[in-house]
Each structure stands twice: as structure tokens, then as C-alpha cells.
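Right, one structure below, let's go through it.
Every chain is named by a letter (A, B, C, D, E and F) in the order it is written, and numbering of its residues begins at 1.
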Amino acid sequence: MILSIQLRTKFQSLRSLSALVFFTAIAWSPASLAAPPDSGDTAWVLTSTALVLFMAIPALALFYGGLVRVKNVLSLLMHCFVIVCAASILWFIAGYSLVFTDGGSQQAWIGGFSRIFLRGLTAQSQSGKLPEAVFIMFQLTFAAITPALIVGAFAERMRFSAMLLFSMGWLLLAYVPVAHWVWGNGWLMQLGVLDFAGGIVVHVNAGVASLVAALVIGRRQGFPQKPMPPHSLVLAYTGAAMLWVGWFGFNAGSALAANGSAAMAMLTTHLAAASGALVWMAIEWVKFGKPSVLGIATGMVAGLGTITAAAGYVGPAAAVGIGSVAGASCFWATQYIKNILHVDDSLDVFSVHGVGGTVGSLLTGILVASQFGGVGLAEGATIGSQLMVQALAIVVTALWSGLVTLGLLKLVDRLVGLRVNAEEETEGLDIVFHEERGYNL
Amino acid sequence: MILSIQLRTKFQSLRSLSALVFFTAIAWSPASLAAPPDSGDTAWVLTSTALVLFMAIPALALFYGGLVRVKNVLSLLMHCFVIVCAASILWFIAGYSLVFTDGGSQQAWIGGFSRIFLRGLTAQSQSGKLPEAVFIMFQLTFAAITPALIVGAFAERMRFSAMLLFSMGWLLLAYVPVAHWVWGNGWLMQLGVLDFAGGIVVHVNAGVASLVAALVIGRRQGFPQKPMPPHSLVLAYTGAAMLWVGWFGFNAGSALAANGSAAMAMLTTHLAAASGALVWMAIEWVKFGKPSVLGIATGMVAGLGTITAAAGYVGPAAAVGIGSVAGASCFWATQYIKNILHVDDSLDVFSVHGVGGTVGSLLTGILVASQFGGVGLAEGATIGSQLMVQALAIVVTALWSGLVTLGLLKLVDRLVGLRVNAEEETEGLDIVFHEERGYNL
Amino acid sequence: MILSIQLRTKFQSLRSLSALVFFTAIAWSPASLAAPPDSGDTAWVLTSTALVLFMAIPALALFYGGLVRVKNVLSLLMHCFVIVCAASILWFIAGYSLVFTDGGSQQAWIGGFSRIFLRGLTAQSQSGKLPEAVFIMFQLTFAAITPALIVGAFAERMRFSAMLLFSMGWLLLAYVPVAHWVWGNGWLMQLGVLDFAGGIVVHVNAGVASLVAALVIGRRQGFPQKPMPPHSLVLAYTGAAMLWVGWFGFNAGSALAANGSAAMAMLTTHLAAASGALVWMAIEWVKFGKPSVLGIATGMVAGLGTITAAAGYVGPAAAVGIGSVAGASCFWATQYIKNILHVDDSLDVFSVHGVGGTVGSLLTGILVASQFGGVGLAEGATIGSQLMVQALAIVVTALWSGLVTLGLLKLVDRLVGLRVNAEEETEGLDIVFHEERGYNL
Amino acid sequence: MKLVTAILKPFKLDDVRDALSEVGIRGMTVTEVKGFGRQKGHTELYRGAEYVVDFVPKIKIEIGVREDLLDQVLEAITSAAHTGKIGDGKIFVQNIDQVLRIRTGEIDEDAL
Amino acid sequence: MKLVTAILKPFKLDDVRDALSEVGIRGMTVTEVKGFGRQKGHTELYRGAEYVVDFVPKIKIEIGVREDLLDQVLEAITSAAHTGKIGDGKIFVQNIDQVLRIRTGEIDEDAL
Amino acid sequence: MKLVTAILKPFKLDDVRDALSEVGIRGMTVTEVKGFGRQKGHTELYRGAEYVVDFVPKIKIEIGVREDLLDQVLEAITSAAHTGKIGDGKIFVQNIDQVLRIRTGEIDEDAL
């Protein structure tokens, strides 16, 4: 097969690519342990870790919480919070080990058990030029935010226990393997797939799961006839703006160093966000006559999701291009999914993250080329071959994530029931599951 | 006395411990001035300083503000704000000097006057591997947040001027000496007490003051019969999530370097927060049938307060243990203090910070041992001896803080009156003291 | 002319001043390209960039949004957001190049075109000790926040399209040239003007534009008889506290390194903020009988705006002085402009930023002297000569900014109309321009 | 003319409005209120402190109607707001002496 | 005694209060309400999902008045609240049997 | 049947409810309102700009009662809401023609 041939050649060339920095060196590359950690790089990744946690809570939580009706605001906040907590513990127990340690003969598919419960980890342990503990923490925040993205799809109607079971199952069965394939020296990494900060691992993965989840759990009562306006655009805006700031950690932190690559990733990230926002705003202005706060913020998130795969690989002009395409394509996807297909992906997770992640991961395959201002293709790769690898990774991730989601939801439905009943939905999840209300003004 | 013997031996062994980095070298260790500051370490402590300020305002302010009734929200915000401002100026005038400069013959008890008004400080001044200015700033944020923690205990009923006088008096008379004893080469440091980021100096200290303050000022009208639900859990959640992020600066910044110790401190901090949150949630789920947003957030704060003493000394598994114990013990303390003793420590500062700080500081004495994955005890110390030192430090701090609080409150009551009258309490402190309302929607 | 003589001498001496670090070395100083970027410095400037973005959105947006009536909250949020987006793209297209690249024979007045569309920029490009990409990003955030400051002056009454056109025109015609003059090796820099982080470039510049804009667009309906209380002081407080945190990036980041200068800038920034807040509070307490949340927060912003020019040049005691003067003078200016002149500079941008920037930039000329604890005057400069240069820069900037603002507003009024009609003003800008409401509680 | 005041479950408002517009009612005034009655509220728990919320959120609608429409209006509200569960609410009918439309100065039945 | 209930455009509240105090009215009770009527609401769009807000924010004022003041009160409200545009609102007048001032126990006209 | 409408100081609501339940009243409807009257509001200051808040937050309760209970109800409210300070509020009594319980279709006294 052509793929298995590529596999071998890519494995060589890839070493020159910064994707490699994602791979921890424990077990198979003890040489890298010689140099002590660089304090500047460590400082930046520590900071980036704080920024990515900031994205999950409060940023994403407020963004989502502001967009739902007031009776469900706490349920969204709670979802994000408990996912961060539980994902952190799962990451400690097995997640990190299964993604980033050597899987031996199964390495193409899954990592190993040498860091189960983070055993053996000390302050002296190193991963590349970084203390291993900060690499673990940085990656933990990615594992925490990815399942949290999905809760927007089934907002305002899923049972709390079902959400928790599903999210943790999905983390183990969908996030962990895909992260290993792409970043943990798994088969996709060996094929040379380019995913700087998670266009595929995070956004395609979570986006497809969202679409499937929205279809499985079904529409909210009254959708799409009954309007369900955001209960606080001020809150959603606050979250969105924080997401932008936090994304600097997500993308520029993924350079795993405080260097020119991190700087360029921050610049491309920022320009894509700005372009995505402006394009979405422009389309709304032309199409509906008025640009909206929710629109410009959504365009920004689309730009960010779309640049994620490409951030450290492309130049600033390419980033503006990617952001603009993101604004347009995610806008169109939102209209199509919501208004034509009438799928109740409540907070448009698929349209923004799934579509954005896909578009961005494909564009990375083109714009990485040096003629477009990128860092250049790996030795032996062409735009065509790179695009094929990117497409393969997207398709496989989408299929895998979709199937895992479907299977898990069916299982969870049996175990605890997926959806609240009509009365509970009317009453609102805050009282039903948490016996609290968002505001007592 | 056995203690005075220990004092001498500990003083030798302690130099190998990272607690030492807290001690500024000015005056008595000019050798350390030779090496220029490390830019990476400086970058991380600058960042951590911003994160700890972020904890005080807005994070703590919003957390507290959200938990009170709407008529008092601004008073809580104002308390945190003015404390940060006034504590900063006090730190500039004398606080820093009294904690961290050489106290000469009084060094065991209090620092000296060489940096009164920060005189002589330049951009070239160094403290260990850091510019002294950033060490001053980092420590300033600790001095600012600690008295701010206490305002939760007497929320919704203290006069503004009384709060201000008390807080500044407490800073000088309780925080400054304890910080000197533990971090400024005072007698507790010389005994080898372990307090990585303030389990004793910050949490035990402020926690005990809170309990005493709640008892002295008395219950709010209607407590405990009348329900006083949080006016905005959304606001409280926002603050809580920000506290989590900011705590990375608090704990990992306390390594005073961007290295493996900082990385490990961030990891243990995070895992303890997650465990504390999950355990609290689990208990609520079992006991009350429903897990709450306020519960999970409180468990998280409990986990954070509890890991603070231990952060850079223990391993990740120990951190999960500490966090879990925190969730359970602080939950239990909250129920006991509020529902059995009917003490109106309004925002449960003692139950969370006092109890958490105590439990965590004790556990540090055990889990620091290398057999539990910690960095190891100081030379000559055993778990037993270390536990004794930890207990001594806790007891002394609690007594000192309690007495200072009691004395100050009696004094302030004489000077300006401690508590609003019944009508003012009904009207709400926002209008009464600040002639403003939180919301005009 | 005395000035042209100074110009030459200053140009020599100035190289020893840290203002120089603002100047990128491309084109004319290839030597600096030899040393690779310092990872610690890079880490801190990456972090600072995130902090300054955080200041613009969400911080400034929430601060402003909280201060207006509920029907206009989204319009303020939208203004800040769209300005950040559009300014970023303009910076990419031409702004950066015109400020920081070599303008050849026009260098005194304006930069060149070598980085139009950031062409030629790679991850390897360097600017001083930093990757050029992060220098570009850091400076971009300044260009983004400066026009956003102005929107507070014409809040609640300007048409959205007019605001957008004006802001972008002002960025190109007022911000870009002044930034070049002061930081881009333009004529004011060559005269030796001291502006560490934008007292002149940002605050005087935006402050004067605000006054002119308020006069041109006229008062809001009902001003000053009709009270227009902030719709959410909680929101405004959140924004203000975030501004404080973000300002650490603004000022300490302007050292462009993680060193003693950055540390000192952070310390002076913080102390000035605290002093400004306390002084404003004290005046209110004496004058009105009650200190207010809005007052203390405004005093803090005044302290921050005022220390900006001086941050890295002065010592901590001077910073306390500057902050105190800021609190008093900006308080007085607010009363005078609003209550005596009845100018409806709605959110007091001129009184706080314009006055603060002016006072601070003048004081810098004095307090930089080593006898006041500052870093010392440039060789050959005296306090008198430095004050003259500072005053010249302030006056020229004020005149230029005022004229550009006047001209642009007249033009924009012709093109799209500056102001909403009375009915739209009554209805509120949120519905009129964005068809959204801030809250659906 | 009569003033019909109805207390309803909030989620029934849209149905009631539809039913009323079918019998020709074009105007009404709606207020968010708290209801106390047989229907019980819920309990909230904040760190173990119990808070019994004994009111239930309700919607109050007020409609000025011509007397000849009164029965249809009552019928429309009753059937649209009915769920059969406790807390469906009540309707009060009162007399109105005079009605005035501010815009036109029209009075009484013309003003409705 | 009569109870005058007026539905107004919110920004007219201050004018109406001024007009009422000129005719000697010192007390009233004000409620924020949502009005449905001829005046249309607006449309909001959230990511392309249209949300028709069919109510209009209104202010309801309730005033207990002595019968001899009634006409002046109606006149004051009408002229102060009038803009001539649709949605200016309505006034309803109803009878009051009894009034009681809680503080003093005064009743009826003395209690107003 | 009578409609009793009382305007109260907000913090007196609980006491009034207790007093009413003692005389057998099980249901009522509560609205947050703004009161204008003899009791003055307060002044707020925003950066030196004075903002006179001339209304006082009040609670309005509405209770439909059987005529024979009216006096007890008035007495209960008056004594529970009384502080003797200005602004204690007022009670208005009006006639109700008809009452209807939506859930059961019961009417008049049975519906209360």
C-alpha cells in the first residue's frame, strides 16, 4: 500500500518538523535528558497551561452559559467544571500515559503504561527541553477542554449523570487514541500529519462528536419554532473574549518553547481570529442588515478553531486567509445545519469547531509550503501528498469519533437515561439537577 | 528544651530545602548577587505576580460578591479592592522590610528596617536569582490577598471604616510576623517548618482570624433561620474559576523559578483542586441527592487551600490524596460550623481555609517524605519530628492570629464601631456605605 | 534652533536608555541579529501580549459596558471588539511597517514600507533580543487598545459605522505617526522624549481625541440633568480589576525583557495604581461623605494611566507620588469637565487618560532623575531640558490628535452620519444597530 | 368593560396569547410575579444551608375587555392555560369604569 | 376613590410624574411590565435564528385618587404621556372600596 | 369577593405572609414594584454626578378574599407590616365580580 511506504519515509523527514516537539522523549530518547530544562521555555509553557485552563473555565463555561436560557445557565457551568475535574483525574490515572508514553509493539495505535498514575514522575523528570510535569499539565488542559466543547451540542436537555459518563468515556475512547495517533508518535504522526495545536485532535474530534450527539439526543422542545435567545450576551461575550486570550496559550504554547515559532503561532492565531470575526460580521451586515455581537464573537471562535492546526506552520498572510475562509465557511455551515437541516446542535459546535477544524487542517497541508510563506513541507512531501495525509487523518478521526460517540450515547442511555423528561426540560436543568438558580437578583 | 536543640540542627539542614528560595539574600548573603537574574525565572515570577493579583481582584472579589445578597455585593467588591490598595502601600512602607530583611538580633521574631519605603531599591537589586523588585511584588500580592480572605467571615454587616482599620492592623500584626517566622528566616523557618506557598502563613492565619471575627461580630439578622441565597452563582463561579487559574501563580510561582519544582507544584495544585471538587460533589450527591455548582467550586477551593503548604514538596499521587481529604474535611467542617454550632462565618472562610490550611500543613509533614513520592525530608528530620514542627507552627499561628484578631476587633469597635445597626443591615451595605447599587437593569 | 542641536546630542545619549529597546533593529542595525532570541524575554513578552489583549477585551469592554445604561451595553462591547479586530488587520497591512520600519529620508516623520502585509517575516526574523513576530504582536495590542479607549467619550450615541470608520482613520492618522515619532526612531525619540509605555502615545493621544469627539458629537439627551447611572457596577468592577492585571503586561512588558527593568516597571505600576485609588477614595470620602466603588476604580485607572510614561524610569517612592497626584488631578478634572463645563465625555476618558497621561509624562521628566530614585537622565540632559522635551511632545501630540479627530469626525459625519436620531437614542443602540439585547433574564 | 386578571404558569403564556388572539383580543399587559398557593416551591441548598423557595414564578396578564367578549375570553384562557396540575392559576374579573387611549383620546370600548 | 392604572412608554415616566405632582398627586406605585398591542416589538437574530420579540417594555403606574381629582389626573397623564405614535398606552379607571394607610391606620381619603 | 392590594416594605413580606396564613389565607400573588410617596429615596453618586433615586423598592401583594374574611385580612396585614416609620405602605380594597380556578373550573368562593 502507498500509505505504508509513506509511513517509512515520513518517519524520517518528520523529525525536522516542530510537530515532533509534542512527543515526549521518555523511554525511547534518553539523550534529550542531558540538557537541563530551559527556564524561558518552561516559563512560557507554565503560562500557557494557565491560559488553557482559563479557556476551559471560566472562558468556555461563560461563553456557553451566556448562550442558553437562564434556567439552564448553571448546568452549562457545571458541565465544564466537572469535566475539567474528572478529565484531570483521568489524565493522571491513565490518559497521559496512554497518549504519550511508548506503546511498544502497539505504539502505532496506543501508548503504554509506564506513567500510569504518573508513577515515577519527579521534579527532575524531563520531556524534551521541558520539565515533564509541565508537559503533562499543558497536555492535561487540552484533554480537559476537548470534551467540554461537546456539551454545547446537547445543552439544555441532557441528564447530568449521562453527561458525565459520556464525557469521560469519550475522553478515554476518542480523545486519547486520536491524540496518540497524531501527537504521541502514533500512526498518523508517522505518516507526517500536521496538526500544530489540535485542529484535528481537538476540533474535528469534538465537532463530529457534537453533531452525532445532537442527532442522537434530539431537538429541544420547541426547536426550531420557539426562539431561545441567549440569556446574557454580556456573559457570552466575556467568555468569548477570554477564549481569545486563552487561545494564545493553546496555540503559541503548542510550540513548547518561547521562541520564534511560538511568536509566529501567536501572530497567526491572532490574525485568523480577527479575520474570522470581521468576515462573519461583514456577511451578517450584508445579509441581515445588522452586524451582531454574537456574530462577531462566533466568527472569532471560528477563526481560532480553524487556525489551530496551522498556527506554527504558516505565515501571517496565510493566517488572514485562513481566518477569512473560516468566517465564511462556518457562517454558512451554521445556517445550513440550523435553518435547513434543523439539527439542534444547540450552540453550533459542529458548525464552528467541526467545520473550522476540517477546513483549517486541510489548508494547513497547502499553506505550510514555503511558497505560501509557511515553514515548508517535510522532505519528500508535496502539497498533494500532504493534503492526502491531512484528509486521511480528518476522515479517520471523524469516523472514529462519530462511532465512539454513537456507541457511548446508546450505552449511557441504557445505563442512566440520556435525556430529561418534558417537565424537567420546562423547569430547567439548574433546579432539576443542582437545586440552585443562577441569579437571585 | 528539645525545640531549641532542633532549632540549631534544622538551621543547617534547611539550606538544602527549596523553602530557602523564599528568603531574600540582601544583607546577609551578598554572594548571591554575583549571578545576574535568570530571564526565564524572572518571566515566570512576573507572570505569577499578575496571576496572584488576579486572584485577589477580580477573582476573590467576584467569588465573594456573588455569594452575598444583592444589596451587599458592592461592599464585598469594595473590601477586596481597598485591601489590595492599602496593603500594597503598607507593604511598600514597612511590610516587606519587616518580613524579608535582616532583623539583626530580633531576626527570630521580626525583620529589619533596611527596606523601609523600599529605600535603596533599584532595578539592579537582586534577591536570589530574581530582580528584587519582582520578589517584592510577588510577595506583595500574598500580603494583599490574605486579609481579603477574611472579609468573607464578617460579610454583610461590618462597617466599612472598621473593616479597613481591622484589615490593615491585622496585616501588620498578624500577617507580617507570621510571614517573617515562616518565610523570612524567622524562628519557625529555622525550625524547618515546611510551608511551600502559604498553607500556614496565609490559610491557617486568615482562617482562624475569620472564625474569631465571626464570633466577635455576631450573626447576621435572621441567621440561621432566614435563607440568604447567593445573589449570583454565575458571578461566584466566575470568581472561583479565576481563583483556580490564579492559584497556579500562587503555588507554582512560589518556586520562584521556572523549573521542575514549579512545574510539579502546578501539577500537584491542579490535581488537588480537581480531587477536592470531585469529593465534595460526591458527598453532596450522596447526602443531598444533588451535586451543586457552589459545592463543586467550594471543594475546589478547599483542595487548593489544602495543597498550598505542600505544593512543591509532594508528588502527584499525594496531591490527589490531599485534595480528597480536603474535600471531605472541609465539607464536614462547613456543616459542623454552620449547622451545628450556628456560627455565622458567612462565606465559610474558616471551614475552607482554616481547616484546609491546617490539614494540608500537617499532611505536608508526612507526604514530603520520599517514600510517599515527595522531595524528601530535610537531613536529620523524621516524619515524626517534621509533624511536630508543622503542628507547632499551626498552633502558634492560630493562637497568635486569634489573639491579634480579638484585640484588634475590640479596639476598632471602640474607635469607629464594628457593626452596622439593624436598619442599615436591612437596607444593605452598598447604599449605606457607598451610595451605589450593584445593578441598574 | 535649540531643538535641532538637542536632536543631535540626544540621539547619541539616548542609546543608553531603555526607550531604545522599543525600536526594532531591522534594516539599520543587522548586528543585533547575531544573538538568538532570549527565551525568558520572549516568554515574558508573549505573556505581556496576552495581558494587553486581555486589557482591550474583555477588560476595557466590560469596564465601559458596565458604566452605560443597559440598552447600550452591547454597543460598547461591540465597539471594543470590532476595533481590536480591525486594528489588528490594519496593523498587519501597514501599521506596523509605518511605525517601526525605517522610513529612509522621511524617518523623522513616518516609517517605511518594508513590512507592508508583514512581508518577509519569518519565525527567524528578530527584533532586538526578541523574535520579531512577538514584537509585532505586542505592539499590535497597543494599537488595538488605543482607539478603543476613545469610544467611552461618545458612548450611547454614535452610529456604529461612523465609529468604525473614525476609529480606523484615527489609528492610521493619529496613532501611527505619534507612535513612530516617539517609539519608532522618529523626531521625538531623537529629541530624547521619555515615554516608557505610552503616556503620550496612548493616553494623551486618546485622551485629547476623546475631548474633541465629545465636543463634536454633543451631549446625550438629557445630560446633565437626567441621571444615567451605570447599569452594572459589578461588570464595571470586573473590567477595572482586569485592567489592573493586564496593565502589568502593558507597562512591565514594555521593558521588552524579563529583567530588573520589567520588575521595577511592574512595581511602580502597581504602587501608582494603589495610590491613585486610595487618593480618589479619600477625596470622595471627605467631599461626599462616602467612598464609592466607581471612585476607587477610577482612581486606580488614573494611577495606571499616569504612571505609564514613567513606569520603567522611576523608583517606587516616586511611583507612589505619581499615583497620588494622578488620583487628585484626575478627580478634579472629572468634576470640572462634567459638572462645570458640562462636556459630556461620557465615561470621562479625557479627565482620566488625557489629564493622567499629561501629568505623568511631565512628571517623568523630573522623577527620572537619579536624585529622585529614577534611572537617571540621558547624558547631557537636565531636568529642565527633559521637561521641555516632554512638554513639546505632549503639546504636539495633543494638537495633532485633536486636529485629526476633528477632521475625521467632520468627514465621517458627511459620509455616514455621526449620531443616531433621538428615537434611536431613546431605544438604545443595542437594538438599533445589533438587534440584540444584553440580557434576557 | 371588565378587567380580566389571570395568573398563569409562565410556559403557558404563548398558548394563552394565541387563544386570546383567536377570540379577537389584540392587547394585554403582562407582569412577572411570584405566586404563593397550594403549589409548593422547591428547596435550594447552598453549602448545606437549606433555602426553601416557597414561591413559584408566575405570569400575570391583565386584559381590558368588552363585556360581550368576557365569556369567550375566560373560556380561551381557561382552556389554553389548563394542565390539570396544581398551580394552573386563577382568573379574577373586575369592573372597569372608564378606559382611555392616550394616543387618540378615544374612550371606553373604542379605547380597548 | 378611584384606582387609576396607566400603561406608558417607559421614557415618559418622568414627565408623567412631574405632571401628576403638579395636580397634587404625591404617591403612586410603578411596575415594569410587558405590553402586547398594536405596537410591534422587534426582531432579534442570533446566529441567523430569528427571535421575534413581540412584546414592548412598558411601565404601569397605579394611583389611588380622590374622585374630585380624577379628571385632572387623567388629563395630566394623557397630556404628559402623549407622543401621538402607536403604543402610547392606555388608562383604566376602577372603583376602590376602601383605602388604609398602614403606618397610621388612617382610612380612605385620608390614607391617600 | 374582594381584592386586597397591599404595598409593603420588602423586608416585611415574610411577616405578613405568616400573619395571613394564621387567618387562613393560603394564596396570594406578589410583585416587585417601585413606590413613590412621602418616603424619600436616596442619592447615588457616580464620579460626582448625582443621581437621585426617588423611588423606594416595595412589594405589592394581591389577595382575593371572601368578604367575611376581609376584616381579619386587613387587620393581619396592618399589624404585621407596621413599623410606624414613613413608607409602611397602603392597602386598597376593591370588588371582584368573578373568580375562576383554571385547574378545576371551580368558580367564585370555591376558587379562592
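Things to note:
The definition used in the following text is that a contact is a pair of C-beta atoms (placed from the backbone, for glycine too) under 8 Å apart; a residue touches a chain by one contact, two chains touch by 3 or more.
These numbers come from a predicted model, not from an experiment.
Where touching is counted per the definition, the chains common to subunit A and subunit C are B, E. Steps from subunit D to subunit E, minimised over paths through touching chains, total 1. Taking the options B-D, A-E or A-D in turn, the interface that duplicates B-F in more than half of its contact pairs by residue number is A-D.
Taken over every residue number at the interface, the positions common to subunit B and subunit C amount to under half, indicating a different-residue contact. More C-beta pairs in contact connect the chains of A-E than those of the other pair, out of B-F and A-E. One simple way to say how far apart two chains are is to compare their mean CA positions; for subunit B and subunit E this gives 54 Å. Per-chain CA centroids place subunit D at a distance of 18 Å from subunit F. Computed from the mean C-alpha positions, the centre of subunit C lies at a distance of 47 Å from the centre of subunit E.
Annotation for subunit A: residues touching 2 or more other chains are 38-41, 43-44, 47, 229-230, 232, 238, 258, 288, 290, 292, 294, 435-437, 439, 441. Residues of subunit E in contact with at least two other chains: 31, 44-46, 94-95.
Of all possible chain pairs, the ones that touch are A-B, A-C, A-D, A-E, B-C, B-D, B-F, C-E, C-F, D-E, D-F, E-F.
Taken in their complex, subunit A has these residues touching subunit B: 37-44, 46-47, 49-50, 53-54, 57-58, 61-62, 65, 73-74, 77-78, 81-82, 84-86, 88-89, 92, 117-119, 121-126, 130-134, 136-137, 140, 160, 232, 235, 238, 258, 433-441.
By the touch criterion given at the top, residues 11, 14, 42-46 of subunit D touch subunit A in their complex. Every residue of subunit C that touches subunit F in the complex is listed here, in rising order: 224, 227-230, 284, 288, 290, 292, 294-295, 298, 334-335, 338-339, 348. Listed in rising order, the residues of subunit D touching subunit E in the complex are 3, 17, 26-31, 64, 94-103, 105, 111-112.
Every residue of subunit E that touches subunit D in the complex is listed here, in rising order: 2, 6-8, 31-38, 55, 58, 60, 74, 77-78, 81-95.
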